[in-house]
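Have a look at the structure that comes next, please.
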């Protein structure tokens, strides 16, 4: 019942991507690294074109090179959280709490724009701080830790 | 039942100030910004005079200008947490866990003095770190994230 | 039932080392300070010799002075978490989630090596960030906050 | 007799990889650049898989990306020294002296672990310093200069 | 004949303090660490009083705290080189070449004063550079690597 | 036989410019200071005009002021090494090993161009690093330490 979930993708290091404990699902902090390929998401080219278009790709080089990294990482990280909770049988809106670690808080408005796409209705409980470093390299601009409520017996 | 709480005040960005999930209430990280007025708490003058006196206002300019910002923010943030949990039907002591993010850990002893006023009996579980930035501006010296336990059916 | 736990050791400041709330036990962030002696763990000499040997003491001065501080602190912190959860009637594997704050993320691989000794089977849910400061002094290299699931009525 | 040796590989610039002079063989400082391919060794993927496994590859992305560069360069450099001395008719243990230039002395324990694999018995005479730069780019983390004793007439 | 020398003291890491190879004795770089005690020489108090007096201890606090660290380390390092070569059957003047690595070249005149005490007659061949770091900690201000000529058959 | 050589010029401090030991001649690290005049070589004007022309003087002010210092120092230092070994009865090509300390590795290609003039045939064994400082002032851009092989009895 409290078995480790292999939900989402193989983790970067030896830790669980998520764990159901009682009525809650706890997620590890997620960064924009494709663990299968061992590839860091550095911009629009590293995410599906459709997603890039939706989050704001302009096609203008100087804009996209500035905003692309944080927008693409924001999308990738939130999409991984969505995949993880769906593998547990839930939906994005069940992830009711996010702790967000930025390398640069100037990125917050851009991240926030992407987050609204994942939370069109009810926004999550949220904590936002800027930290001095994230794993595994300085290319990583954001890490997001989610907590979900997914009761074993849904209230009737 | 798990409806978003409008407890406390309207948040700065699009997030919930708190969410009840099962027997727990999860609060967003709180900073010393009056969301109605969009005003940052910068010192004793931005909180009620009675509170300023209680947390250590000396009336001496050079002291108050040094200690005022962190003491006033500490009071404001913890008082907001109190208001939020009371709007959920609980009390400060139900907020059993605090994660505290400082811009400067030299402020910890001053914050700690204020926290004791809010927790006269049972101290909370606590994590304290210094981060490189907090939202929305460099005036913000502290952010506190609380978690409360407020069982739907209080044990008889 | 939700009484404060004196599990583990007396904390540095006025906070609870851990709190049971419903089916969960929440731990305060742990740093490598022996609260009884008020002594910071600075290297292999500050932990039991057997532990030092197990986590990688080489006996070569220049290696041990480099790697000793983070390895010894990693061991001390995780061992304190183990003691705390055992005082609550649980085991290390019940601590299913860790938030890890580093002063220098280059220390992660060394910490990770120690963590595997405490989690030989099932790894925990994990968040890792680098912060700009930790309490109480710059000697502190890591703080770890744990959360455990320890149902009051173990499933039959 | 004192002819320049083409032992090892073609050097980056115009210098000899090694020179026998009397009973000694002097080696140029070696860095982790494959001179044939003009490729810098940046991690485990740039050295043979068997070597990567032996020096500590974990398979965990975030560890390997942190430790891989210095471990792989350490192995590559020492292996090049081994190849060079073997081309002169000697063995690694004949390289009795090493001067080691690091970009970051925190890498010393990791390098030291690799060096032990090349010197299982008799350790060499050693000098270790941290310098502010190495050729040809900032990717280079270590340079090692070896000296070997290989008498023309082995003592009977 | 070319056996590793345990001359001098047990090394910091796994390396030989010196090695005789043919007619030469090669010494590892020496730093001011007492390897038996694992203690770094930080000032006059860490060397014999008689030596401290001879190299310039004034008894005035503000002078001694400034000059003591480099003077004491200079004496300690050169004295270790002397002990090592004497254990090989030679004398200080047989150490004909020194490579000297400083953390701060402003220390050179002070070091030079001490070196003259060890080389009253014939000065050695010398190379002097400032490096960005020395093992094992920032307390180390100087490292000196010596080479000696000690023919197996002294010329008649 | 192992008498100190006054070859080359009187050194800056109290050290030998070179020492013959057995079949080898060891040179002190050489910097571009004219010890007789106590003058630092700062550009083309401080070396013979014929040499300046040969190493690349353009006569264009903005080029010469940029490249002059390192080119002139490179020439001066290598020429001093040549003089020293010739005073010992050898030739430049007998100096088979060079350790080169730069203040800025961007100077390497310019130095390398000059070195080829001194080693038209057989290049020496070479080690190149960038250090944080050289004696006696920040005007010094390079220090070169040479080792020569000059057997007492030349092979017949």
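Per-chain residue numbering starts at 1, and chain names A, B, C, D, E and F are given in the order in which the chains are listed.
Going forward, a residue touches a chain if its C-beta (ideal position, glycine included) is under 8 Å from a C-beta of that chain, and two chains touch if they have at least 3 such contacts.
Values in this document were obtained by computation on a predicted structure and should not be read as measured data.
Peer 1: Moving step by step between touching chains, how few steps can get you from chain D to chain F?
Peer 2: 1
Peer 1: In terms of touching chains, how many steps apart are chain C and chain E, taking the shortest path?
Peer 2: Between chain C and chain E, the shortest chain-hopping route counts 1.
Peer 1: Same or different, please, for the chain A to chain B contact, judged on whether over half of the interface numbers appear on both copies.
Peer 2: different
Peer 1: Measuring centre to centre with C-alpha atoms, which chain is farthest from chain B?
Peer 2: The most remote chain is F.
Peer 1: Mind checking the centre-to-centre distance between chain B and chain C? Centres are C-alpha means, answer in whole Å.
Peer 2: So the centre of chain B lies 27 Å away from the centre of chain C.
Peer 1: Which integer distance in Å separates the CA centroid of chain A from that of chain F?
Peer 2: Each chain's C-alpha centroid was found; their separation is 58 Å.
Peer 1: Taking the mean of the C-alpha atoms as each chain's centre, how many Å separate chain A from chain E?
Peer 2: The answer is 56 Å.
Peer 1: Specify, in ascending order, the residues of chain D that touch 2 or more different other chains.
Peer 2: 60, 62-63, 66, 99, 105, 108, 112, 128, 131-132
Peer 1: Under the stated touch criterion, can you name all the chain pairs that qualify?
Peer 2: By the stated definition, chains touch in these pairs: A-B, A-C, A-D, B-C, C-D, C-E, D-E, D-F, E-F.
Peer 1: Hey, which residues of chain E end up touching chain F in the complex?
Peer 2: 23-24, 96-97, 99, 102, 104-105, 108, 112, 116, 119, 122-132, 147, 149, 151, 155
Peer 1: For chain D, which residues are in contact with chain A within the complex?
Peer 2: On the chain D side, the touching residues are 60-63, 65-66.
Peer 1: Give every residue of chain C touching chain D within the complex, in rising order.
Peer 2: Interface residues on chain C, with respect to chain D: 58, 60, 62-63, 66-67, 105-106, 108-109, 112, 128.
Peer 1: Could you pull out which chain E residues touch chain C in their complex?
Peer 2: My answer: residues 12-14, 33, 35, 38, 135-137.
Peer 1: Enumerate the contact residues on chain C facing chain B in the complex.
Peer 2: 1-2, 4, 13-19, 21-22, 26-29, 99, 101, 131-135, 143, 145
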